[in-house]
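Encoded as structure tokens, the structure appears first; notes follow it.
As written, the chain order gives the labels A, B, C and D, with residue 1 at the start of each chain.
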Amino acid sequence: MEDEYELLRDTVKEFSEKNLDEKRIETGGIVENIIQNIASQGFLGAKIPSKFGGSELDEKSYNIILREISKYSPSVAMKIFILNSLYYPLVKNTEMESTLSDASSGKMNVSVDFLNKNKIEGEKFNGTLNDILNADSNNIIVFGKGPSLVNGGTVMEKDFMGFRGLKFGDIKIESELQHINTKVTLNDILEDSYNAISSINLGLISGALDKAMEYSTIRKAFDSPLSSYEPVAFNLSRMVSQKNILETILNNNIDSYYALNFSMNILVETTRYALNVHGGYGYFGDFGVEKFYRDAMVMRSIFYGNSDLKKLSGHVYGNKVGFI
Amino acid sequence: MEDEYELLRDTVKEFSEKNLDEKRIETGGIVENIIQNIASQGFLGAKIPSKFGGSELDEKSYNIILREISKYSPSVAMKIFILNSLYYPLVKNTEMESTLSDASSGKMNVSVDFLNKNKIEGEKFNGTLNDILNADSNNIIVFGKGPSLVNGGTVMEKDFMGFRGLKFGDIKIESELQHINTKVTLNDILEDSYNAISSINLGLISGALDKAMEYSTIRKAFDSPLSSYEPVAFNLSRMVSQKNILETILNNNIDSYYALNFSMNILVETTRYALNVHGGYGYFGDFGVEKFYRDAMVMRSIFYGNSDLKKLSGHVYGNKVGFI
Amino acid sequence: MFDELSDYRKKIREFALREFTEETSERYDRNEEFPFEIAKKSLSLGMVDMENPAKILIAIEEMCRVDAGLGISATLPYFGGEVLFLFGNDKQKKILNDVYHGKVMLSLGITEPSGGSDVAGLKTFAKKSGNKYILNGSKMFISNGAIADYMVVLARTSEEEKRHHGLSTFLVNTKSRGFKATKLENKLGVRATNTAEIEFNDVELSEDDLIGEEGKGFYYIMTFFNISRIYVAGQALGISEGAFDKIKGYVKTNNITDEATMFEVADVSTRIEAARQLTYNAASYLFKYDPKPELTSMAKAYAGETAVYSSEKAMEITGKSPDESIQRIFRNAKIMEIWEGTSEVEKLVISRQILKGD
Amino acid sequence: MFDELSDYRKKIREFALREFTEETSERYDRNEEFPFEIAKKSLSLGMVDMENPAKILIAIEEMCRVDAGLGISATLPYFGGEVLFLFGNDKQKKILNDVYHGKVMLSLGITEPSGGSDVAGLKTFAKKSGNKYILNGSKMFISNGAIADYMVVLARTSEEEKRHHGLSTFLVNTKSRGFKATKLENKLGVRATNTAEIEFNDVELSEDDLIGEEGKGFYYIMTFFNISRIYVAGQALGISEGAFDKIKGYVKTNNITDEATMFEVADVSTRIEAARQLTYNAASYLFKYDPKPELTSMAKAYAGETAVYSSEKAMEITGKSPDESIQRIFRNAKIMEIWEGTSEVEKLVISRQILKGD
């Protein structure tokens, strides 16, 4: 990795270590102070053009930020992802673009109905928006014929096992639909986000493995450190080697389809095993490892499905394979 | 990949397509004509210094040769591997070095007891050498206190399911031991061969997948090509993407431990699935796909074991983890 | 043995479906609170028949199928009871009847903070002093720890003998002076169950509190594990089935027919069927007093892995519909690979047993 | 059902160990030759009892455990016999007795070169002409194809009806004019078994050669598959056990104790135990005339995958000791995921059945 990226990585790492305590964030949310911090560091508006107060960073830098932050606070990484990978491309070059200034400075909290649970029609939305992550937003993009903006409203929280620093739930609103004049679709932005998603995955994997590797050399069982047991050492080493391969693919921007597929294939297994290594302790939140397993499962189930496998197949076969 | 390597790859590919029919090689062996051909192309003595008539190619070129040839003839690739990765480093800078001239020109057939089944003592060997691959060799390196050369002898062939173009079996010999004055050990040369082994693996994976991908678009089941069935398309696409990742790791020489581990983890599954895709036809030699599964299993069982996992763990943990 | 109990199974399932509503399950999970009412109801009504092991297994399975947090809580009051039943004196055994009817709650204290799966390495010490024992030490991750009336405790009673020698079991009244339980919070799953860290500070025990003979504790506990493992297999089987219920419901409701999902359905259901056969087969030997430890360990290890696998598949297949009940199943499942011996320990038990034969 | 047959099992195992020596197994494997003598011996001595399905299953399992090539060959003469037994006329059924005693060899012709698993898409046609049928077409991968005396053949008998309608089964004498079998060679494994491509060129059949009723062939064959799958599960189970025998032998002989290998031993033995329970459970329903197709398919798919998995593990664990017998097990195993319906087809059967229920 070149120097500038290494510098960035170290900066983000140092910042996260000092400021992002996911245990507190999971219970107390991403408080104003944290938002101000990540905004002033330029992480919040990482990809947003500088004319809107963003950092206008390149793809690789953005991915490094997501990866390093999600090692410490997956919730904060997800918040950055929602703004930069989902919201931004939808309002880009439209009259809504100006909202980016407030978003990247942290004054406005935005969200996107990326689970696509709500069928929107007409000019007004009066009712309940279901299953919105980062639900206490004041600007939410929903999808009908095209994307539209609605105002936030009263959140009816639901338990969501991942990214608990963000509110999740249904929102009661009464709002005009402000149509966004863009050809960009939800499908497009998700496909364009493969590297960003993989970067969050890499962060989760790395965070979990760091914990497990450390624990395996400290914790003793039957009077020897866990790492002296072959199955533990072999499994963790194999997983570290896969993690490093994923990092290489992402650093060199080899192929976003391959990266997504590979990261999703190792994600849950790795975070699960990292928990396992901690034995009974791993099952308790205080040890800071079970969260990676929860977040990993959420990433796997939300951002990787049949349609992504079809995209991968189309990519590999060189044409949309005619599925029956 | 830079131009020179692409050119080499294309050359090897074209040569192999034209000259290496593994089905014939498996029944008839690697006949004189083939040996002359691979020698004159410079593939046989790929890494051997030019003063001994070799091509003195760099590591990457050598790996490309192994990979491209093993797509067509794993047996020929194995023969090249035995000479360049096993025999050459053992005689290098010793008085036996001069044997390399005949070896790289194909005049002498060499072998190494890399399964290490024979405990050699004394100054003479009079008896049976067990389990030698490329058994009809006239120069065989065996291991006692250190490596020694013995002459070949009468081969009692055994069935070996992989690399059938090479003879495998026990050898009855009566021969002086010519001690090789080197500090290099079998353990060293095997660890140094990780990239070469991974390259053969990559060739097997690629060869099997090429067959399966093609078959999946041609063969119909229930009136539709196999590739239109999700599980087939998804599995093959996932495997192709892994294959490409492995290729990237090797091309960029990222880390030989990771490459070996990754290639061994996907090798058997991929070649097995490629066979599966062919249904009943896959079970017959004529379709040229079951051989990859056989050879893959041999690679997996011979070149990847507990000691390699320990090396990987030592590499990852940064020290020899104290196994109990 | 199990086919004949289909009426009992039906009764339990109906009870669980009626009592473990989504709203109730959610509440206890969120509040991380033990469901005393439900546990009492299931036992005091004789709903769960604690005197027939095959019935216990079925009750555990069917309740965990609906909700593992509540289901385990409702079937755990007996936790450790087998040790009393098999090795206890008459006075100790008398407690069991109250346990069967939900009046008394038991617990079992084996694992220690530094110990994990290394039972023989435990440090809690019961020092003989006249006709008393003085208990000191601590236990970790103890189910029912903060709500039990009595706890079966494994402690060292000899300084000379090492490892699994010199261990003994005691029945400790949790109201004893010097007994301290601290509820552990923020568990990933089975949050309705109670988990605690226990400290013993000079807890005074009489000779009557000793279970069985001094020095035989390790043997008693291993015997216990050979029984309890099958109940954990039952929990895991129930969780797997519950996960599959969700998959089936989702696939049918949304009329999903793509082949990739059909393959997943086949794989998950096949693994669950295998877990079921392993569990019932091992249980049928055990309940006929002919235990096959390797079969029990196989059942436990396999069913535990199947619970995790099935719950992950339920998350994947339902994908962008993050139903809270499915997430709860996923969070609950993981403990199945950890408690009563991690999968790793099971594997060592299995290989040791298997390699003993010819 | 199976526990009671332990003496029979022992007898079969002893027979297999005596007859299927490594040298014999190697020879038939290398020469790709059918072991007529062995097949005859096992049947003519009444060694394999073809009239009791539980015994057949046990014989298949125990023989394949020693060598699958010879074991399958010795138990395959009956291949397709169930169709005659269940649906054949008296004359056809009479042949069965000769089959039981190794005097007559049967075969079953379903798969076609273009067909694979798509049974309903077959093209072989039996055209009614007066009171005769004229058979034309070809079959692929037919076990016993080049050595059978009679072949049960599935053919289309109606041009109007499509897919699985309009198919019928016939008993074809392989000596008939126009019947041509070409032995297929160079198989990966089970090389002692005979596999052939069959061509029918105006083979004349009488009305008596029709099995059961015209147009019901698809149903008959599906019924057959529901039975034969359990025998394939038995083959796969035997192969898995044989692979595990090799692992155990290697580990013990070389006194291997490292934990990684112990974990492998546990995993392999657990999967095999699961395959065994699935197979016996499905078989016990089937043999009581209460077939559960989804359980049979699960058993077949799971046992097939277990055979491949176990044989690969045997190769891995024995590592640098490429014992020819282990390689043969590995080569034999793969067919288990292919014949009598690939694993893929099983999975569709399973999911369809499972989703039917509530």
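By our rule, a residue touches a chain if its C-beta (ideal position, glycine included) is under 8 Å from a C-beta of that chain, and two chains touch if they have at least 3 such contacts.
Here the structure is a predicted model, which means the values were calculated and not measured.
Trainee: Would you identify the chain whose Cα-based centre sits farthest away from the centre of chain B?
Mentor: Computed centres place C farthest from chain B.
Trainee: If I rank A-C and B-C by number of C-beta contact pairs, which comes first?
Mentor: Result: the pair with more contacts is A-C.
Trainee: Could you work out how far the Cα centre of chain A sits from that of chain C, in whole Å?
Mentor: Comparing mean C-alpha positions, chain C is 36 Å from chain A.
Trainee: If you average the CA atoms of chain A and of chain B, how far apart do the two points sit, in angstrom?
Mentor: 42
Trainee: Between chain C and chain D, what is the separation of their C-alpha centroids in Å?
Mentor: 43
Trainee: CA centre of chain B versus CA centre of chain C: separation in Å?
Mentor: 51
Trainee: Where in chain D do residues touch two or more other chains at once?
Mentor: 258-260, 263, 344
Trainee: Give me the residues of chain B that touch two or more other chains.
Mentor: Residues 229-231, 234, 306, 309, 323.
Trainee: Note which residues of chain A are touching chain B in the complex, please.
Mentor: 213, 217, 224-225, 227-230, 233-234, 236-238, 240-242, 244-245, 248-249, 252, 254-255, 257-258, 261-262, 265, 306, 309-310, 312-313, 315-317, 321-324
Trainee: For the complex, give me every residue of chain C touching chain B.
Mentor: The touching residues are 258-260, 263.
Trainee: Any idea which chain D residues touch chain B in the complex?
Mentor: 26, 29-30, 111, 114, 116-118, 121, 140-141, 184, 186-189, 258, 260-261, 308, 312, 315-316, 318-322, 324, 327, 330-331, 334-335, 337-339, 342-344
Trainee: Could you pull out which chain A residues touch chain C in their complex?
Mentor: Contact set of chain A toward chain C: 115-117, 131, 158-161, 220-223, 231, 268, 272, 275-276, 279-280, 282-286, 290, 293-294, 297-298, 300-302, 305-306, 309, 323.
Trainee: Per the contact definition, I'd like the list of chain C residues that touch chain D in the complex.
Mentor: Residue positions touching the partner: 248, 251-252, 259, 262-263, 265-267, 269-270, 273-275, 277-278, 281, 294-295, 298, 301-302, 344, 346-348, 350-352, 354-355.
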